[in-house]
């Protein structure tokens, strides 16, 4: 699995704020399954917070939503990229500082978090947990102590942050959304019954019939307060080109979302189309694995004019806890989730289109199974280049040496997977599949990092 | 929803019998989600039973499987077609009669259950619950009292049963499987490490890498005991042609299964293929709804040479309990499960291929949503004829008057659904999609009932 | 532990029937912690049943009570004296026989259950489980088939039953309560807002402010129907003297109950009083163990004019599941439940008054602990004679050879317990503590069985 | 209910440290039922923390204890005296500061917490929650930044704290225990297999067979590190006399504990003895209510030479969740927990001895019930003076105006309770019941506050 760090949602000035946030997080559950949290602000100026480890429907009960009263709410789903799952790291982070309630939710990863933390500790700050968000909170409170203007304090805070961040601040009744200057991760504005709503992905808007307005610009600061809404930029000196995370389009985002203003389904179909242009094998049919690679496979099949089949069936009840299988059940781990339709496989030449190969173990097992069932040829086409470099901006690939592509030629990978042919979509082909091809970060493919990783490598020692 | 009554599984002479049965039921969970149960027989001749309301993974814990010791096991998953869900009706049914342990599991529906029950009550029998299975058990025990031969007792029992039944009997260490003379429901034999395994659908065999041997014949009695395995027929006067339930192929069975010796995925693709031959609209693309109609849609698109798209996205986390939505969330019930990809819909002419329309309410909502999102035309193609008659053999369609097709012409249904065109696959087209076109019951389409329904209509009064 | 078999409760003609039954069972939870069940009858003549393994508050939810509609309800709590805990054996037992709903709840133990079962099986009856109650149900249904009169059928049924039984029958809207001719177990009549209520112990009446009327007579049949209430006797030839279970007074019943018309607290104090008369040691104080022996200890201390102390403290939170202790925690099993107050023990001569010693293991550990803490002398006084014979009427002592008193003289027991003196209350002293000293069964002390145990020893082989 | 704030436990250098802490907290569960937490330190210097809302057995699973590895552990149970229950306020509080792991657990209440918090916020500190403990942590970290010596930093921290505090600090592998200069709350040292153990009450030692050594002195600092153990005092200028909380002896502590070096059971018996000397009514018997007042009642009865009875019976199964009673059940709330033995009450003159009357509502209901059951006279004796003043040091009495004794004479209270006579133990009598009568705080009885409450009244506004 490849893990993303987070999903954000906020709504300002709606009587059902926390309930909408619940569903906004639910729609973005794929962006973080470790913990979920909501902060709300009620009419009396009291903040309410509930967060816990678990999936959104497990974390919140009707009773919780009742307590999360008020017309402003802010929510977060998280997958940890550092340390153990811990409720101490769950977001949003809420503090009380000199009669102000301040909540922050963060999607992304700072490269200078450890440096900042050391500075802050030297200045007397103490840390309860290990998240970047707590670091950002300390920086923000210090900036706020210097100047009362909230927007200036946010800008000054962001001046000190290096790396990837979409941030939502709630300072009493002012909500501020920020995207970092390179715009690594997506954040969009919508509107529901006149109230502004903010989400990492627009599928959250669809669920509640909110209207999608636009994606915030890289470096944009968007302020919503009782005085109204206004937008400004973090600074006058922003990078010339955004460097948005192309893996959001390849893999993370829901296909029905817009992210970075791009429609994900269409991008993925286009990747399949490009892939077919680059390398179409002579096969009987194209197939995806269930729940992965469906959209590039559809595009590939259309472009190559080869039949498209669902020759592997997903078990609808997977997801529940299981009893351990007996030893008689060989390759059980694969079978309980998906089952190939033997009659479709036997004697066939098959091309699998998928969106990624990480460690390769699942792919190897599945290919072996197809061969056992009589597949004459198995070809693989992947809708992005091989991942060869770590991401420092919030995506948790496996350790480099665990990646199947690490240090291997395509031919070596093909042999390891034991397939008849293997082709990865070229970086050029990938970028041709999106609208703004020069607006993307491709560091995981080519090592070209827009923000250099910090010298202070390593993670915090605190386990909590 | 259309509900089936049951799924069966058994294994004889394997050290992991109850664990295999657990997985055999798990693979057949789609055949019954109301209750699940397993009986096992250990080496000392003791029977063990656990059954409860719920899904297979919720009903059984590791501790339960440990207690279900022994090399012979028999399992059942159930969806009730009568009365309220009740653990008293859960199967298998286990009794102790004169030092014999007798367990029965049943898939199907008798048309003369109420008649038999009245006869038995007049003879002093008392009933704990409302299932046909308890009736069959009483008949069997009375036949067994007349003659010691187990197979003869089974045959004599079945002489008295009218309707649809696949039965598994475990009488001490003898396992007997029976299909009714018309073979309404499927039951297949497989083998794992030399041990015979029996399942309603062969997807249960695939999960444990058991080898599929063949489907039992209609009217076949298959006996497995310490003396070995043998097959005979219920009588010398069986119907000339089987009347197998074609709805198993259209809708119920998992696409990766064989039932009645037919491969389900291929039958469904063939239905789509036939459907395209009968009526192909001029559209931009073909789409299924997520998790329904995928296979006929694939066949339709291939035959019609029209692009195939997944323009509605399923939410992967659906299935968990939800908090009620706020009133702001219009048509929420649809949206939380699936979300259309707006960019794919807008301005497009769309043909939806599906496997059934029952009440039509979901279809109407989804079509309306597609139109809201800008679909220029919406056409519907259904891979079977309209269901117009009730089933007395174990399939629970809605009440006739609730069926959208009830008493309406196709044109009237089309208007009700508000689509540009509507076509149902003809009965002839449907039968051309399977191998043995004269072996099927089509009573739900044409009212031609192989076994006349009983005059004693109505259900039992006992609620428990 | 010594286990009782059951507690019964019923209410007839009250709008809150099932809720009252819930609390009536809750108050009698000490009579059976294995399973609980309620049957109700609503105004339309429909029966509703819910039963499950577990304590009353765990078995029933508000939703269950809502479904258990109607003004008549019948409930049961059970501790199994045979076989493994099983929901199949939970009571009440409800069946449907020729348009009649028949429910039975039973407290006691038949000595001829196995004989009856064999007869019934020869007559075609089949058994789902192993309880006596199912046997009684079959007998009753057969009698009912012979004659339509319910009371005559009940009498004819009881003619065939040997042993101990308090029975509640609900046949459609007729409720019939029966005590066996010897009156082994208690059953009392009360009244709430004019509606008759029936309970094994009167503490159930107190909880709902029902008025206690009287204990049913041994051999009494009490009939409540829409026509009114009437009483008759099982036969004209009842035993001259009842043989009620004196262990109900010594140990089982709650001290605030009346059973057999005797007030339990006062009987127990009287046992302590008699015990002091028989043997008072020269000690510094008298103490009970927490939650056992308190009442005879109070009586003993008053009679002997020796101070009474609670020198062992019960942990209020015991009952919840624990994590295993570490090996450092010696004699943990004792300590987690109760803890001696060291300062009260050191240098003292102590007399413990308790109501029973079964296996003796707990007593040995506790005595050893008292000695470790410096007790100078430890004396034990038990408020009944040594249990030396098995009970066939519904009380589950340990196996004879596990009883500390089995085959030992008092002196040998004293040595085994390592105490300075030991005295058991004499049978005469025990009988002097109750009002009707010749109305009790003392078979567990003297082997004088009012109903001879059946020759067909052993339990059923069916495990379910 | 009167609520205490907390219970502490620690063990240093034992292989089962976290498991012992689990049981140490379990034994002290009565001191805090809202949340529980444990921090451990393993051999590699990593800290592990688990805390949650709930009772000890619910908060910790075997898996949690496995993760709480290492030979040093620190635990806390809490009842909140401020704000809503919140896991953010659960203790111990663990932070990471400049490569140091620092954990603090606190029992008591500071009177200058809000003042300190404002100071700290002005200095840039941010607060996650509302507990005093977080304030103490910030003060400590600031002191530690000034000087590296841990003990000096602890002393300097305590110089700034006003009010009641027992503190446990774990700074990496150094454990420091502190009692405030007045010694408001208890903290004792014990030893198990050579390892030091620390607990609020010695009943925690008994559970694990640890040896009780002594109670720490007011103002004592006890340091345990790899270098060994040493003791010093917070300052040279400590108060002349301790002012320990006498309510610990009257009400909170378990009777089998030693606190402040006093044996609780014996103190309570002595209070009953003194109470009988002050005012013995002419009654038939003395009775406590179940689980409250037992020990003074025993002392009272012995002194007055009047019989002692348990005329109210506690329901053993209380504690589990209930379904709401029906309206037929009058005074149900009382009855479900305890039930008076009618036969003991009718026509009797009764003296109830109890340890406190707070709001009086329960007492009024119970007295009324006794009169309904025929009690001829009801007298009440309370084993401490009336509570008239709020506690600022960690005990949560109800609001003053809710206290039955607030602004009323004894005669007025007697009338309100509707009893024949009422007497509270005098302050002098209470102090005569303990060993060191001039070492106690009696502010709740007489308003004589050893530490003046802070002018900054009110609680924090942050709700979380």
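Order of writing sets the chain letters: A, B, C and D. Residues in each chain are counted from 1.
Basically, contacts are C-beta pairs under 8 Å (C-beta built on N, C-alpha and C of every residue); 3 or more make two chains touch, one makes a residue touch a chain.
Remember, it's a predicted structure, so these values are computed and weren't measured experimentally.
Common partners of chain C and chain D, by the touch rule above, are absent. Shared contact partners of chain A and chain D do not exist in this assembly. With chains reduced to the mean position of their C-alpha atoms, the one farthest from chain B is D. Rounded to a whole number, the gap between the C-alpha centres of chain A and chain B is 39 angstrom. Inter-chain centre distance (chain B to chain D, centres taken as mean C-alpha positions): 62 Å. Between the CA-based centres of chain B and chain C the separation comes to 48 Å, rounded to the whole angstrom. The touch graph of these protein chains is a ring, one cycle where each chain has exactly two neighbours. Across the assembly, chains come into contact as A-B, A-D, B-C, C-D. Those residues of chain C whose C-beta lies close enough to touch chain B in the complex are 46-49, 87-88, 93-99, 101-102, 118, 121-128, 130, 137-138, 141-142, 145, 460-464.
Across the interface of their complex, chain D is touched by residues 14-16, 19-20, 22-23, 26-27, 29-30, 55-58, 60-62, 65, 192-193, 203, 206-209, 254-256, 263, 265-266, 291, 294-295, 298, 301-302, 307-311, 313, 315-317, 319-332, 335-336, 339-344 of chain C.
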